[in-house]
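In what follows, structures are represented as structure tokens.
Next come two complexes built around chain A: one with chain B, the other with chain C.
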Partner chain A sequence: MAMNSKSTRNILLVTALAAVSVLSACGGGNDKNNNAGSGTNGGTAGSADKEVTLRLFSNLPDRKSGQGLAEQMVIDNYIKANPNVKIDIETLAEEPFKNKLKAYMASNEALDVTMVHGGAELNTLVQAGYVKELNPAEYEGDTYKFLPGVYKSFTFNDKLYGLPRNSDYEVIYYNKKLFDDNGIKIPSTYAELLEAGKQFRAKGIEPMSMNGKDLWSFAAFFQDLVVRLTGDQNLMLDAVAKKKNFTGDENFTKAAELLAQARDTKLFQESFMTADYGASQNLFTQGRAAMWYMGSWEAGMATNDKLPEDFRNNVNVLKFPVVEGGKGKDTDLLAWNGGGYSLVSSSKHPEEAKKFFDYMMSADQWAKIVWDTGAAVPAQKYELSGKESELQKQLTEVLTGATSTAGSIALDSGTPKFKDDAQNAFGKFFAGGSTPQQLLADLQKAAETQ
Partner chain B sequence: MTKSTKTILWVFFLIVALVQLFPLIWLVDFSFLSSNEFYSSSVLKWPSDPQWQNYINAWVDGKFLRYFINSAFVTSVTILLTVILSLTLGYAFTRMQWKLRPVFFTIILLGIMIPIHATLLPNFAIFKALGLTNSYLGLILPYTAVSVPLGTFILTGFMRSIPKAMEESAVVDGANIYRIVFQIIAPLTAPALVTVIVTTFLNCWNEFIMASTFLSKDALKTLPFSVMNFAGQYSSDYGSQFAVMVLTSIPAIVIYAIFNEQITKGVTAGAVKG
Partner chain C sequence: MQKVFNNKMAIFLFVFPGILLFALTFLVPIVLSAYYSFRDTLSPGTPSAFIGFANYTELLFHDSRFWLALRNAVLLGLGFILIQHPIAIFFAIMLDRLGGKAEKWFRTIFFIPCVISVVVISKMWLSLLDPTFGAFNKMLDSLGLGFLKHAWLGDSSTALISMLFILIWAGFGWGLLFYYAGLKGIPDDMYEAASLDGASGFRLHWRITVPLLSPVITVQITLAMITALKQMETVFLTTNGGPGDSTQFLAVYLYNKAFSASQYGYANAISILFIIVCLLATYLSNKLTRSDATEF
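The block that comes next holds the complex of A and B.
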């Protein structure tokens, strides 16, 4: 019996060991191959025609529509022109993307190009030395055609660490038919906006759709109000950077009071606090809300044949209305450049990666493709192709007519903790009904404790 | 029981069943809608034009089959390891006398309190150093590690209720320790083992955060990634996502339906005697 139990134990041990080694071989094997492959490539990176696999990390998992499709088209174009290059794309949606990028940064993963969010998030990467410095002089001129001032959230200590891919700016989309049918004036001042809200509500139509659950729209709306009041694009950014105070400032107090008016006159749809992006968009595209406060990246709505035709013919763009007595003009645009791409320092093929990066950012690739497909408004000068929808033309007018731009959205100009706390402050304001003073106190606290 | 009370009872149970099943019905219903129909005011909507395309998308663009195979492999190996480890540990803690037993038992049970995601970044750093990221093992090890404590807890409770006389007679008949554990004890603890299998299955089958951090290679990705393939930066193709979720939940439903009775038995038996 002693023999017996010993042999059984041995058999069990051997099986367990075998299982473990087989499993690790499964995954580990691939890794080794990769490393071996990249090792040889690294040595001869200069010469073309060597097989190279570049790693791109992106936050656009849907490769069949919108910006994901545009990104994929750029990649396909590049591979066609450079058959020796393979591009290994890893994609995750927003939140998992941010988490994993942090993990990659912590472990210095050898990515080649990564999508980055300008501002606080990129700053973290810069401080960790994970992304490469770029030379702005290389990106001047006709190949790239970047619009002036778009590097703001990609620049730290006067050094550039990434290139923006889009111009994002907040506008009010509105359904012209709903305004016309109900005889309501298209608002050009904030008071008219609130008045239009009341009239729509009286007719049983939701005035303005808002993605309240996501919270960031409120912060943008508030920033818009501050800019309309003061004409000063930097005031709110300075307050986040603790150079000014949210509390005890008459402009902020006035802006918060105006924000409270929007809340109290029920400008936003019923139960707007539970509506996420999709829900708020749907309410608007189904013609059940007259307006939608959203960013310029929704230009594709006018050409999306999944949406009702009646809606597509009537969707228009409105600049955020001026505030009576405010110093701001309606051409002071809340525009920023949030998303972009950076080169990763630990790249195993720095030269090939740079070639691909430059190709992607050239004006006739990403910029042209997102514009043509209506997926976004690029951060580069683009030629009107003549095939633009009415909506795209209006959006272009808003951007080219802007007399000042913010460069950064206040919510993203602080630390991630500030963003969290500030969003919660707005959530508390809209869901819990706290006073304007409380909102400002909460924002002040968020700025101080970030 | 009079007929009327019986009827009332039936109606009551039917309502409860309907409430329980509603999310599932809703899921299936909406998987046939196009994304634009998602936010209508009606709770359920008859798909006048059923979007079979959603299922085609789920299968092709969602890479359902490949991810399914990966999920099935990772989950089954995890379950196998969990069952073997929990069973042997459970036996060691209930039947064997050794010096540090209470200490180790407490340490293992402490594992129940550690949420898997708290270990995310440390694990990532360690696995990267060991070259375990981008491998099946990188998922199987943490999944097993968090499943074993609960499994051990359920099994020890259950084993205490099994009379020792069984093993004594087995020893008299010349059975060694492995035979006792795997041929005498294992069949007796079947209901508890099924509970362990099912809870482990559910935990691994839907786990995403860990998988998304450890895996970059498309060939290794598990089912929750499939849903991701339809997520845009701001809005998503909800119809296709729902189709993926319907397909993903089918195995879970099948497993639960098959083992339904044992699960109830296993949980209560373990709980009372523990």
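The block that comes next holds the complex of A and C.
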């Protein structure tokens, strides 16, 4: 019997050990893969001739067109030049990407390079110490050719934590054919925009498509109005930073009233509050809406052969119209740098990762490829290749003709909590619930409690 | 064999893996959740400060969105109990009466929504209720009811009602199936005896069916409350709590706080209150609907 209980004890011990090791293997599954992947590295990481596998996490799942293709081309170029490097790419669509990146941050997953969204999103990663600080001096000069002021959304407490890949700015895309066929004037002032909206609505055409479910576009639209009224790119950013007040300011009040006019004259499509990004884009690209308030990153629409030809030939760009009596010009551009890349602190191959990162960000890689393929407008100086689409040329004109830029979108210049609260305020406003004063009070509260 | 089961070590050996798994996947997360709910943190593992009950006081006394989400969940639960279940019982009785091939056909048809993926259901209703190209508004038009046309999910005044309708529709088949199974368990001679005594139609069912179904009803009411409280997928996929906050539900709110607003500690406080509310709802619905089991 004694023998028996001893053997059960042994069995128990073995089982417990097995259970623990199975569970720990689950938790660290990825680490294990990593070790296996870099097993041939033999502990001499950093040596250029040894095989290295880098892990890149990106929000561009479509590798055959647009920015995804551009990213893939950069990677292929790098691998060609460095045959000892393998690059594991994990890609997810926007929202799942953001969530998984947070999960990676929480578990300190050893990625090497990751795509990041500047502003509030990156701020979370910085606070958690997940991304590495960069030295801006290294990225000066002709290899990189970054435009001035593009680091704003990537800088926290005067330290740089990533590099932008695109210049983003808000414009109004419009379908010229719909304007021409219905004899409606292309608007250059806000009153004309609202008037065009009424005329389109009378004809049963949706005036302007809006991704209302995503909420952020409203904040950009509002920021555009504030800038048109005041000519001051910093007013709204200052309000988020609590240097000014949203409430009791006549410019904010006026802007909120103008926003209410857009709501009340039904400028946006009928179901705009349930339309997400894709839905609002479909409405526009199928020729059912005359305008679409969206960013420069949609330059590829004109060359995307999945869209109707009729649409591609008629899509044009309009600057956000001026407001009557406002101090702002139509060349004051709501431009910022949203997407970019960062180096991850827990990287297993820091030196190789940095090499790849620097290569990717050099002006003749990402910036050149993305411009030549018409996928986006880079944050670096680029030369016109002469093969640009009409839409690209118009977008370039908007950017090069800008007399001032915002540097950051107000929504992203606060904390993630501010972003959530502010978006919710706009949601309440557009769902019909609140007055302009109420909106400003909600924004004020969001800024104060962030 | 008997000896093995008398051996405490052996018993422990068999039970231990189960307990370990249960603890690691269930107890530990709850304890961790409680721990994080007292902290001001972006996500697990990031720097954080102990802030006591601050998250809870903020939630309970200053956060109108939390209360709105809770109210919506309670409304949904009541919708399930007062609208979905009576209809389900009615259809279950009809189905039971039908018999033959038709019974099997309709049983399948009613159950179809339950086997369709929630994503498909959400996208389907989003399209059906779309004001520009949705079939629902087109149908109203062709019926001459064009004045009723509406952005059903896009307007804060109708969004919650539309959402309740979708959820009640989607869960209808489950309710029906439970009641139908319960009905099949009621012996026919009960009805025969009752009709000999002169009961018929509605009275027959009120006096015989409903009391005999009461154990099923009790379970169903509890399940309805829990389902309503933990409602997430359909809301997340259709309106994400909007427009404004009109279709905000607890689980969606919790998710947004944790992963969009990066208020991880706050979201954990919500989840702890969430557990308490669920336990309370279960306790109350059991207490209120408890009846002596009917023997037959």
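One rule holds for everything that comes next: the second predicted complex is superposed on the first by the 405 of 450 C-alpha atoms of A that agree within 3 Å, B and C clash if a C-alpha of one lies under 4 Å from a C-alpha of the other, contacts with A are read in each partner's own complex, and residues count from 1 in each chain.
Rule of thumb we're sticking to: a residue touches a chain if its C-beta (ideal position, glycine included) is under 8 Å from a C-beta of that chain, and two chains touch if they have at least 3 such contacts.
Nothing here was measured: the structure is a model prediction, and the numbers come from that model.
Asker: Give one of first, second, both or neither to describe whether A:Asn59 is in contact with chain B, with chain C, with both, or with none.
Answerer: Only chain B is touched by A:Asn59; chain C is not.
Asker: In the superposed arrangement, does A:Gln127 touch chain B (first), chain C (second), both or neither?
Answerer: second
Asker: Would you sort A:Gln281 into first (chain B), second (chain C), both or neither based on which partner it touches?
Answerer: Only chain B is touched by A:Gln281; chain C is not.
Asker: According to the stated criteria, A:Gly427 is in contact with first (chain B), second (chain C), both, or neither; which is it?
Answerer: The second partner, chain C, only.
Asker: Counting only touches as set out at the top, which of chain B and chain C does A:Lys213 meet: first, second, both, neither?
Answerer: Only chain C; A:Lys213 stays clear of chain B.
Asker: Return first, second, both or neither, reflecting whether A:Met273 touches chain B, chain C, both chains, or no partner chain.
Answerer: second
Asker: Tell me the contact category for A:Ala106 with respect to chain B and chain C: first, second, both or neither.
Answerer: In the superposed model, A:Ala106 contacts both chain B and chain C.
Asker: After the superposition on A, what does A:Leu307 contact: first (chain B), second (chain C), both or neither?
Answerer: first
Asker: Of the residues on chain A, which ones does chain B touch that chain C also touches?
Answerer: Dual-contact residues (chain A): 4-5, 8-9, 12, 23, 99, 102, 106-107, 283.
Asker: Mind listing the chain A positions that touch chain C in their complex?
Answerer: 4-5, 8-9, 11-12, 15-16, 19, 23, 98-99, 102, 105-108, 124, 127-129, 206, 212-213, 215, 269-274, 283, 288, 415-417, 419-421, 424, 427-428, 430-433
Asker: Please give the residue numbers of chain A that touch chain B in the complex, ascending.
Answerer: 1, 4-5, 8-9, 12, 20, 23-24, 26-28, 30-31, 55, 59-68, 90-94, 96, 99-100, 102-103, 106-107, 109, 277-279, 281-283, 285-286, 297-298, 306-307, 339
Asker: For chain C, which residues are in contact with chain A within the complex?
Answerer: 7, 9-10, 12-13, 16-17, 20, 24, 42-47, 65, 126, 130-132, 151, 153-157, 159, 238-240, 242-246, 256-257, 259-263
Asker: Contact residues on chain B for chain A in the complex?
Answerer: 34-36, 38-40, 61, 77, 120-121, 124-125, 128, 131-132, 134-138, 140, 174, 176-178, 208-209, 212-213, 216-217, 220, 228-238
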